[in-house]
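In what follows, a single structure is set out as structure tokens and then discussed.
Chain nomenclature is as follows: A, B, C and D, assigned in order of appearance, with residue numbering initiated at 1 for each chain independently.
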Amino acid sequence: MKKTLLAVAILGMLTGSAFAQAPNFDDPAEFAKQREQLTATFNGPADQPYLQYAGDAMVDTTEFKKEGPWTVCFSNAGVNNPWRVVGYTNMTEEVKLHPEIGTFTHVDAEGSDDKQIADIDDLLAGGNCDALIVSPNSTAALTPAVEKACAAGLPVIVFDRGVTTDCPVTFVHPVGGYGFGIQAADHIIANVPAGGNVLMLRILPGVDVLETRASGARNMFAEAGLTVLGEEFTDGDNAKTKSIVEDYLQRGTIDAVWMDAGATAVAAVEAFEDQGVDIPVVTGEDQQDYLQKWRDLGFKGIAPTYPSYQWRTAVIAAVNTLKGEQVPGPEWVLPQPAITQDVLDQYINEKMPPLHYAMCGCEDMETYPEAWGGTK
Amino acid sequence: MTDTPLTASKPPRFRFDRHASTILLLAAIAIYIVLVVALGQTRFLTLDNLVAILGRSITLGITAIGQTFAILVASIDLSVASVISAAAVVTSVVMNGEPSMMLPAILAVLSLGAVVGLINGLVITKLEVNPLIATLGMSLIIQGVLSYYYNNFAGAVPAEFQVFAYGSVGIVPYSLIFMFALAGLAWFVLRFTRFGSDIYSVGGNQDAARLAGIKTARVVIGAHVICSLCAAIAGIYLASRLRSGAPWIGAEGVYDLESIAVVVIGGTVLAGGRGGIWGTMAGVIIFSLIDSIFNVAGVDAFVKQVLRGIIIIAAVAFYAARSQRPVA
Amino acid sequence: MIDAPVIEMRGISKSFPGVKALRGVSFACARGEVHALCGENGAGKSTLIKILSGVYRPDAGEVLIDGKAQHFSHPQNALLAGISVIYQEFSLLRERTVAQNLFLGREPLKNGIIDSRAMITETQRVLALFGIRHRIKPETLVADLDVASQQMVEIAKAISLNAKVIVMDEPTAALNEAECEVLFALVDRLRASGTAIVYITHRMREVTRIANRVTVIKDGEVTASFDTVPAPEVIVRAMVGRDISEYYPEPAAPAEIGKPVLTIAGGSNASLRDIDLELRAGEIVGFAGLQGAGRTALAMAIFGAAPLTAGTMTLDGKTVRLLTPRDAIRAGIGMLPGDRKASALVLMQSVRDNGMLTARSFAHALGRRNSNRFIGIEGMDGLLDQMKVRAPSYEQEMRFLSGGNQQKAIVARWLALRPKVLIFIEPTRGIDVDTKASIYHLMRDLARGGAAVMMVSSDLPEILGASDRIVVMRDGRIVGQFDRTATEAELMLAATGEAAGVAA
Amino acid sequence: MTEQTAARPEVSRRRLPGVNPVYVLVVALLLAIFIMNPAFGEPTGYMNFLKRVAALAILSGGALYVIVSGGFDLSVGSTMTLTLTVIGSSMLASNDPNSTYWIIPLMLGIGLVVGLINGLVVSYLKVPSLIATLGMMITLNGVAFMWSGGAPRGYLPDTFRFFGRFNISDVPLIGILPVAVICLVVFGTILWWGMHRTNYGRMLHAIGDNPQAARLAGVPVQRVRISAFVVSALTAVLAGVILGGRGGVSVDIGSGYELQAITAAVIGGAQLLGGRGSVPATIAGALALEAIFTLLNLIGLAQPVRLVVQGLILIGAVALATYQRKRAGR
């Protein structure tokens, strides 16, 4: 036992002595920029959010112009959560809309940086790719691999999480994490009087898009004079979420639950339900189960989104690049609407699976809803 | 009590289990070639691609070399994934972009690995805790301490250090050469040193080894130190490859269970005392080939997982089924 | 006549849970002498040796080497002090080569790396001492050797150490006559060169042949010590401590021996050739032979654990094919394995659970654990009482009991099923003398009750004392059958192949 | 844990002095929780706690069967995921309340098949259970993803969620009584009975203790071992039903439970590699695990600290047990 303690001490010394600043997730400039973008008007067709973009900057892609049929390669971080499942379906369905894409090669890194780097190496070595789409598993780690792909002369499209190089043609992403946090926090601040208690439920520490969601909201609560009871990590586990909320309920009242992602929102709502307590403000995301729970129980909900239609946009960006057309860049910022009470009903579709993300921009496709697991 | 050969010395029979990993490796290569040819994708048969395949699993390979020592001595190490994470984080944090800190960082990480291995070994031999539990507990502790201080990629390695992962001689990456050099060193230790011989002895029959005057506890501790050191080196490599370290990268790669799987597929017996490094390397290459085959054949990610699970069982069953020993 | 002792053990005592293995034993051995250490199975010889070699630490007493007190905490200390041991249960690594085994833990180094060539040359040299250079190659895996060769390797390993003291714990158990002679010649040579040799055996012939001095232990105490080798009877009396006639029960009267219960005709498998055998109700048949001669293989074949691949077996006149132990037990055959710890005991379970195990295995799986159609918990306690199993409680875990009590609990396991045929393999190995007598009586009672009893033993006096009929095996065949008036010499001759036995 | 007494054999081992430390641990932890949060002493407090622990406790009780038989079952988590995600929600249940009555048997059927395969692979292909069930874990997770397409395809009807979610209210004395707690008592009792009161349970101990001796004593080793894997898989399904009922479905609902189940058994004093283990102590081990989390939560310790505490307790529990056994032995 003593030895184990010793180990802990040594480990502590080793890591502690070299303590370095974690990446900055509290960036006021970025926060302000995203707050502005949330309400900005976007260019592009009004009924096709996946084609809209903020700003006017465009990138010239004539150097990549090529005759079809093309081989488009996609290095995916993984399809290890429902959001990515919906997104990947969006993507494959979008690919079907483009006959010029002869082959669509998908390699799945199963959530491992190491593996994704190897996958990109594989694609460069033998994939015959005309364009490469990358959804990086993490930003810094995948940067060298993306740089290598750029250096090989491939047009690279990055989406979801970014990379720290500007060599890709464009980086497709919605407004961002601060925006998500702002929408949820605004809703809570508007509905909870000052001095109210907010419980912040998080999925995992360290994921950049989730960290920014939390840091923005945290600051806003402090400003608005709300008390944050605690920030708890649920690992995306429903049962654990329920336990955490139950424990907090035993100790006092909760006026609002802020969530950095909606996967466990229903479990949090149920915890109140099961205790026979009135359901307070609970924020969520655009999963069908949450939207329906919200409608059925009539609590004060909101669903900020991280739209999965960006998976369509990535394909479109690749196609446009290979056609030599201009694409928005070096960042293609997509709109990031929140689902509010007024528009709730138009996003609910009971024929869809519970973890279908309503903001998929996919309703206009022919294969909807079957390809997404729904029924007509 | 064992019976009863009728002749003075049995004719040396073909020892199937000693060649099983080679057979499996050849089978995997054959399947790969057939598949590539059948799909008409002969571009996958280039030297470039061979290097890409071999280079897929450097982290796993280095970890598995260490794991081989632990398993040979009839132990096991579930803490390697956490050690990898810790090593990667310490590497990138200590270096923090400074080329001058490269050496101190490496030394710090290696001593970290050595300490972890030492503690694992001591808990297993002196407190007599089952190695699975001891190293699982160790893994939780490391992971906890690590995530207490860091919750994201922290620090950065200088560009000079990325040469380890990205540099190459011709088309052969340094890291690949390094892995095979390390395997060669491990082979040398196991084959030509007294310590190596002791590892087989202790793993084969701890009582007999003790009677022959071998300090068995020291051997077990030594094997664990090597195992953790290899994991630490794998972490250093990963930091170089990912430019930085984060507390989840070891767990994310499932290096603990995968390293055990490749060692066992490589013909090293979980009960200890039998097997070797080249079997493990064959196991690693088989895993890389499987990944590549799946990528070439465009197998769906989920189907891939199903097949991988079945392959692990089938590969081990391939020779375990003939063994007479009872297992559980 | 002889120098000061190289090793001296003074007043050694040692206890294990449930047994006092040694009580104040003193023992010494000098340069250039062969000191025979005699005693029945379970008398404490092996414990004494394990203390000498640093495996156990004594509770009391001291070990002196060249007059200096030693405190061995690890076998390595003893090795460095110049003591090497040939263990009875081989300490070889099956998956390593002969040369690697010979140099286990002390491989010759050249520039820090193992000098394989030196290892092989030296191995050849040592093997040449036995005249077995051609039979055993240094590069062969031990697993590929037969038992006799493994025994030779074990001996060679101890001798190659060039130790001051060599302890040989029943080194001839697996050797034939010629191989024994080679060993004796070797012992003579070692003695001449000044090595002290502790020679453990219960074969009087060997004592007479090579010993200078004899010490006898019984029940953990020295009962006799002789500076010259006395007549075998004297030694035996000291070992057994009473008249042989009381020790072994009366043999069966001819009328008590009934019809054949189990017969085998032309039985063969990988380890057995053409076995023709008859086991009769009311009779105890002893099976003699060297280690690896096929006695255990035959027992395993009858018991279904390593079935016959050719030939027929009948039980009560009906042909049976017993492919698993379960088949055999269902047919009424039971077996007590020789290696209790590895093959009979479930050490972490209670004494009662050990006794009930077989009965439970054939009862309804979801039935109550306390009783079943074979025996209830009271019945089992009764059996254990009747066997005089000494335990603080029958809930006590088996591992805390002495060897004799463990064996009695295993006997109870089989008695609960009333077997028609009961096979005992080395029934008294590692058991104290009193328990031995009760095991013999129990075997006799079983036979009187109509069961056929088969006893495999390497202990010739036991074979001669407890059997009604004796079968000798060699190389997987039955090579002789004797009645109980045979002599040890006759049995040894048959077992080692020098002369065929005369059918009884 | 072992007693030394000269009393007659009727005296039962479990009642004698050396109480299994896990019971002390649980009582101490629960007391600590109560002191920090008196509301825990009210029925809603402790009943919620028991409700929460029910799934893990049942699962650990089943996993103990495999541990006592000398093996490991790493596939229980993925069995939960598979049966729940795929069968429970994706393929069949979609909102039809009546389907529950045949879905649960069907899930149990799948569990049976999984357990059988595990057992057969270990018994006849001689693959070490660690590897066999690791392969099974990977395979089942893949199958779950493959069939569901990566996300649950339907909801669990309320009739299904009854077992994990519903509380019976207005019960005399205790106020509320969650159905999950009833399940825990019922299945805990069945598991206890099977392990400690039947011939089967004793054979299970025997094959874990010494498979060779068990075989030669006539124990049908293969059958008993296979059945242990079957029990483990079936309890995984049951635990899955309760867990799914409690929280609803997600695709990784069972992940991590395999190690937690083994941890609970080990804290309860079970011997890895077989031969020793107690169902009540294992359930207490599960309670202890959950209580640790609750307590650390109350204290407000960060997640990482909980990992460290869990690691220390795990090693400490086994080291203590080894020490106690050694002291009893010499």
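Quick note on the criterion: a residue touches a chain if its C-beta (ideal position, glycine included) is under 8 Å from a C-beta of that chain, and two chains touch if they have at least 3 such contacts.
Treat the numbers as computed from the prediction; the structure is a model and nothing was measured.
Centroid distances built from C-alpha atoms place C farthest away from chain A. For the pair chain C and chain D, the distance between mean C-alpha positions equals 44 Å.
For the pair chain A and chain D, the distance between mean C-alpha positions equals 35 Å. Put simply, the C-alpha centre of chain B and that of chain D have 31 angstrom between them. Mean C-alpha position of chain A lies 72 Å from that of chain C. Residue numbers of chain A whose C-beta contacts span two or more other chains: 4, 8, 79, 205. The residues of chain B that reach two or more other chains are 123, 137-138, 141, 145-147, 301-302, 304-305, listed in rising order. Contact with two or more other chains is made by residues 145, 150, 212, 215, 303, 308, 312, 315, 319 of chain D. Remark: the chains found to touch one another pair up as A-B, A-D, B-C, B-D, C-D. By the touch criterion given at the top, residues 123, 127-130, 132-134, 136-141, 143-148, 257, 260-261, 264, 270, 300-313, 316-317, 320-323, 325-328 of chain B touch chain D in their complex.
Across the complex, chain C meets chain D through its residues 17, 303, 305, 325-326, 329, 335, 337, 342-350, 352-353, 356-358, 360-369, 372, 381, 392-397, 399-400, 413. Touching chain B in their complex are the following residues of chain C: 53, 55, 74-76, 78-80, 85, 87, 91-96, 100, 104-107, 109, 112-114, 135-136, 140, 144-149, 271-273, 292-294, 296-297, 300, 306, 337-339, 342-343, 425, 475-476. Interface residues of chain B, counted against chain A in their complex, comprise 41, 43-44, 46, 48-49, 51-53, 55-57, 59, 86, 89-90, 93-94, 96, 108, 112, 115-116, 119, 122-123, 137-138, 141-142, 145-147, 149-156, 162, 166, 238, 241-244, 246-249, 252-254, 291-292, 295-296, 298, 301-302, 304-305. Against chain C, in their complex, chain D makes its touches with residues 2-9, 11-13, 194, 196-203, 205-206, 209-210, 212-220, 271, 275-276, 329-330.
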